[in-house]
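Down below are the structures I want you to see.
Below, chain A partners chain B and then partners chain C, in two separate complexes.
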Partner chain A sequence: MSATATHSTVPEIRAAAPSLAATALGPMGLGVVLLVIAAAAGIGGGQVSRFWHAYLLGVSFITALSIGALFFVIAHHLAGGRWATVIRRLAELMASAIPYCAALFIPIAAHILMTDSGALYPWNDPTIVAGNELLEHKSGYLSDGFFVIRMAIYFGVYTLLAKYFFGQSVAQDTSDPLARAKMMGARSGPAMILFALATNFAAFDWLMSLEPTWFSSIFGVYFFAGSVVAYVSFMILMLNFLQGRGVLTQSVTADHYHDKGKMLFGFIFFSGYIAFSQYMLIWYAAIPEETQWYAIRQFGPWVNFSWFLLFGHLLIPFLGTMSRTVRRNKKLIGFWALWMLVMSAANLFYVIMPQADGVEVGNMMKHPLPLPWLEALCVVGALLVFIGALVRNAAGKNLLPIHDPRLPISLHHHVT
Partner chain B sequence: MAKKKKPDNNEPQTLGVLAQYSGADELVAAARKLTDQGYKKVEAFSPFPIHGIDEALKAPAPLLPWVVLGAGLTGLFVALGMQYYMNAAPENAELFGYYSPYQFKISGKPFFSLPANIPVTFELIILFSSLTAFFGMLVFNKLPTLSNPLFRSERFRKATDNGFFLYVDAKDPKFAVNSATSALSNAGAEAVETIEQEATGHTLPGMIHWVGALSTAAALLPPLWMAAAATRPSATPRYSIFWDMDYQDKFKPQTQSTLFADGRSARPHVPGTIGRGGMRDDTRMYLGIEPDAEVAGSRLRTEALLASYNAQPDAPPADGAEEDTADASAEGEESASDEAATPAAAATPPVDPNAPPEPNWVTLPPMPVTEAMMDRGQQRFNIYCAACHGRGGFGDGLIAQRALQLQQPTWVPPTNVHTEYVTKQPIGKIFNTISNGIRKMPGYKEQISVEDRWAISLYVQALQREQTAKEADVPTETLQQLRRQK
Partner chain C sequence: MASAELAAVPEPWIDPPWVEGANTYESITDKVSEIALKRETPLAWYIAFGISSSLAGMFGALIGYLIFTGVGIWGNNSPVFWGFPIVNFVFWVGIGHAGTLISAILFLFRQHWRTSINRFAEAMTIFAVVCAGTFPGIHVGRAWLAYWLFPLPTSQLSMWPNFRSPLLWDVFAVGTYATVSVLFWYMGMIPDFATLRDRAKNKIQQFAYGVASLGWTGSASQWRVYEKAYMLLAALATPLVLSVHSVVSFDFAVSQIPGWHTTIFPPYFVAGAVFSGFGMVLTLMIPARELFGLKELVTMRHIENMCKIIILTGSIVGFAYMTEFFIAWYSGNGYEKFAFINRAFGPYWWAYWIMVTCNVISPQLFWFKSIRRNVWVIFIITIFINIGMWFERFVIIVTLSRDFLPSSWGYYKPTLIDILMLIGSFGLFFTLFLLFCRFLPIVAMSEVKQVMHHVDGPAKAGHAGGGH
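This part shows the complex of A and B:
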């Protein structure tokens, strides 16, 4: 890029068309329609519990994408990151989709508040809680009102953080780039603490309390690690897609793919490491109140799914993303990103679905519809809403933080 | 020079051609030109890493990552194999014959189970990989090289400062001094020079090689001899320096014995019997409490205790529990008031209205009081108690003084035994405090025998009595003796 180039002459520095805001309604609407179809088919087909779990799977999948992106944005500021400045705006767009995730959580909140059904969260059913000493003790925390308040707090924190960093970054395009960069750096520390607390407890509430008598203190980290894997996968796929359409072709180079690939590789292993840390302690101590969660997954029809996850989410992609050649080739790393995005959904499937009443992979095979179609419908529906949100957020915005003081370093980034 | 010569230190020999370039871009361009012409042994030297130099040099992809991968996989199999060998499943134990594994059943887990083995496997993979990466890096870089012929070039010293160099090695199949020199010059070199092997005229004496080979061979003999001896049957017994220490007439814990039908060397207690010294039903002696129906050591409790001796071996209340249960209840009574008495209030603990009633402490030692007992008590007191409480029992022992000097925040001063709160205590309670401890003071029943604890209790009461003693209390003879000493 020569020094005399102006914004209008360099196609690389162009803003997304404002008309995209209207285009975004397409996928978003289609997503909502798919979710409604899933609800009608699930609840109408008598599979109430299965539908709610599948719905939670869909919305927590896209929430994980946003949370992972938010983590990356904050961590990038916190570490004074340079190399990823070219993709920071894209991560900010993903993080800013969090209000849409919150909107998709509203039916769950309504379901908890308005019914006493234990179809999704067993602690919401007073007849289950009554007589169970452990649940009675937990009922102060796991009560519908408090649960919804906490949910509002989590999304409040996420929205605040995402809006702040996105807003400052966009404002940076027009004024005070240096001052804003410094301010975002200074605020990223407290932001990270807020983020960590919110994510930890959100994971406890949304996913761990599906089995209300079970507990694992590492569960928040487990969910977080999976979220970052999902985010990095989505980011690599998005870069592939954008560059295929001639966007950001000059700014994002093989070196950026290389670093993103390293991050994917690292977090694949980190999430496996955390999953094993959780598993081994429980396996070794073999206390029934802890092993119950694994007992469902390790015996009976779910055991094959556990093996599938061990190889599909950890061992195979670990070897697959190890090579430098793979990481520097955007098609090859794109393949593994797609693989890991599917496996991220499978990971959440493994966390959520065994808790649903009457859902067993083995039984599903005997079902007239042999695939987990309801779950796939919910995930695809939620993902379409997420993509719509992404496009809507992008409308009229530059896809690069064009005046960020660290952008030149990122443009010249070379992996040595 | 196309023909390779045998190294000969009597004749100078060209090792390669060195060329200097003005900058990083020029160096990359020159490297590309040279390799395009078919030179393979080209090396570049620059003060900092240069992007694109690897591609320009057409350096072959480094072998090290594959070596590290191999090392990591080796670590994987070594770790799994080692753990499999160390505690293999019983059905495979005889595979190892004489070198049998340790079959320890831990926590009810299978002898060989992957979840338990993963941490060790993980660590060993990392250990092997990182060590191989480090030492492999050294080996592939031919380090440590004590001297490099390039260092003889005055110009080359700038390679760590602002000089950019290309070096074509004479080992290159295409190498010839003239053509290499012109190729480097044509690529824009500022200066070109040949690097010569120094002609020293000295060669290593052949004897050195023989000495080295012989000592290496000799060093192999002991391990070979050990390996041979280890696999060969021998009629002579193993040599033992301390035979009676190596072989003792005893069973170690958790071992097998053919002597008993159940194969266990450790014996369960025989129903209806009590081990020597295990009968501790005298509550006066062992707890300092008068036996009555309310407290530990009462008739009902003692009967329950005796019944437990008759229990079958597998029944839960096993041997050794007798003193523990009795003590636990005595401590339980103590602990309520202990918790109420925080360190600050150590001297006068407040009376807790909810505290359980004090047990019926004995007021006299459960044994005849003699002068020998009093002397023994004084001696034991000075050994065990005086370090904190002071010889006079005023709580001014050397440890207490030192702790006050250091102003230790967690230090609780030892009690002065002459405070009213202690002087009012019956001897049974003092005995109980010595046995089981109180507040920060530990119990001494493991260190001090029961008779000695009574002797110390007696001496403590003597110390207390001494503080309020009048002249009339002292026997006339002793009084006169003391007066004379004055």
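This part shows the complex of A and C:
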């Protein structure tokens, strides 16, 4: 039983050249330019609310990718994982892009702190809050200062965790691989608790408070599940891309795609289950404070988008990723990964965009957007910044933890 | 090269041999089948069986008393119409979750350690579901009409159950769960029944195990079909792990009752069920491995792994408590806020804090390896978990005692009959369990043997590199 027999004789590329750091500036710069264009076109075109929502969509999308990757890294250590060691460094790189996500959140923080505009978050507008008992009740919590402090705490936690696990992992390449692996395992438990708390409340703040009178206790889990779907999709696509360029061609095998594919399948189902739980309970109880969120999405122009998401994010890819043959074929699972990455953005679009133009709280007549060019611009812009961050983080690093004690097991991983 | 590379993997990441000691295929068969086949039943078993079957008998007698007298013998009354019976139902359904999780989800996750404990956990699941099913059956009031729960076409009834009621969904969810669990459990036992049949000395045993083994010969074609069926049942059972307790959570969460209606209920109930299920598996497994000499099959690593699942699910439960509390405040809904404050500081504050202490705080002790390796401490903590999870359901249900209208508030008090019936249900559970331990193969012999030569790490790379 020799796993090496199937390997080609061409050596794989296992490290990123230090010169990539300069290359990273290209996509990053282009991304920022696109975001600036979006701002100019949106705000300049009088679509202030729409722009801010689209911008939030872009930055939450890449933040979700980072958060999903961070979860995977921590879970890998926590579970004493082995099979995923070969792709762990790539996940660490994605997680380490979190400071760039934080940087892109700065304009939102500035918008909240420096204006009284309710264009993005209606609770930021004192005229909306005044006289609204429900909003006055939580005006201490949903206030600009406290909101921004919390945002800094979430990003602080994420950055700390991402930096710690990435830093230790890179240090493992040169010294004490065993001791560091054990230490990362030991720290992964508290790390997971911090991660869960940050993600839960971040989702409440960034996305749920777009409709400040609405609440759903499962919302943090909903955002988390979607983030993991986005992360797995991106990872599969990245592996496809890198292997096409001679990177990790031998280390990452059909078995790793198979397991990543299973994870995608599992989380498609899990996120569907969570979305169903939320919808089902709110629909059944029919309490107006809760149904308002779905009312916008279910009646009127947004209803088609809801159907699109039900089939596109759950039912079709659920069937598509069910087969073992698909999961073991990197091109086929790559197709579904691309599908789900687009759907992940669509899922956030569904959460964020119907709230646009929502200056009037509880306004049922919120309009859908004619053609989502502004949103696409923001998502692509943010994604370019994210890719630039990935490349920059990768420069000069090994692309797999070459001395991790578990690497041999992962390299010989076979799905049974 | 592969062997050499893998041989360098340090100890923490190599699956240990999941069977300890100098065991062979034969010694495993000897040990497990001896429990079912040996003529002398241990005295301890008789004592335990005597106590639990008496309690089960009491449970039966009380059900008779209930049917003849009516549900007035319980403490259920306005405004808490769902008293102990529903608390007990949800508690027992929850206990029944570890079996499927171990059989199905851990199987799909390639967790080889499950083989020593899956049979045991599956049996426990089924007995817990039996106890669970009893309570709604007798809670309907006129127990002789309990079959109305099913949508039966009958001319005399001229009506159907309400398909929009989660109580009816429960009938389907729990019914499906029980069916699939029994199938899974029974199918897994067939090869082991055949082993017992071949080793049995007396005629009755030969006949009984012979019938139960359904003509199993162990041929390659039988194994092929068996493995395929096992895989399919595992895949089928996986969504059931989520569905059953999600539907049970719907019993509460689809309503508009403050404290019951919150969207995190489905995943929170599932996590809680797995948490309590593992608690109960450990409570039973720790004495059983001692009594039946199974310490080499159910090793400390097995117990440690279960403790880790308990920390995970216990933390999720704690996380859900915190989230629902936060949302109750954040919602700005006065009733919602009141329900939660009332839980923690109202007349049932003691139940709430028992719940929090047992479910959130006690499992956190498992972060320490020394505690995860001390069976006595683990045993005590798992008892706390069982108590805590019972109280969780109690806390949820007594939320009814203070609803929207202060004039209709009340204080729910269980009667002696309520308490005796709860104890009686434990009697039923343990009676079934002791019968299982005495007469059936309590460890999946054929599956344990598969992992003996199926260890991740050096052994997998070839015999040359095998360390054991």
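By definition in this document, the second predicted complex is superposed on the first by the 389 of 416 C-alpha atoms of A that agree within 3 Å, B and C clash if a C-alpha of one lies under 4 Å from a C-alpha of the other, contacts with A are read in each partner's own complex, and residues count from 1 in each chain.
The rule is short, and it goes like this: a residue touches a chain if its C-beta (ideal position, glycine included) is under 8 Å from a C-beta of that chain, and two chains touch if they have at least 3 such contacts.
Source: prediction; values computed, not measured.
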Chain A as common anchor, with chain B and chain C clashing or fitting: clash
First (chain B), second (chain C), both or neither touched by A:220: second
Chain B versus chain C as contact partner of A:284, first or second or both or neither: both
Which superposed partner A:189 touches (first chain B, second chain C, both, neither): second
Chain A: partner with more touched residues, chain B or chain C: C
Segment of chain B that clashes with chain C, given the candidates 7-15, 25-33 or 133-141: 133-141
Contacts on chain A seen with chain B and repeated with chain C across the two complexes: 280, 284, 416
Touch list for chain A against partner chain C, complex: 1-4, 80, 82, 133-134, 137-138, 141, 178, 181-182, 185, 189, 193, 196-197, 200, 204, 213, 215-221, 269, 273-274, 277-278, 280-282, 284-285, 287, 289, 405-406, 408-409, 411-412, 416
Complex interface listing, chain C residues touching chain A: 1-2, 5-6, 8-10, 12-13, 110, 239, 242, 246, 250, 253-256, 261-267, 311, 315, 319-320, 323-324, 326-327, 330-333, 367, 454, 456-457, 460-462
Complex contacts: residues of chain B adjacent to chain A: 49, 51, 65, 107-109, 115-116, 118-119
In the complex with chain B, residue positions of chain A that touch it: 276, 279-280, 283-284, 286, 324, 414, 416
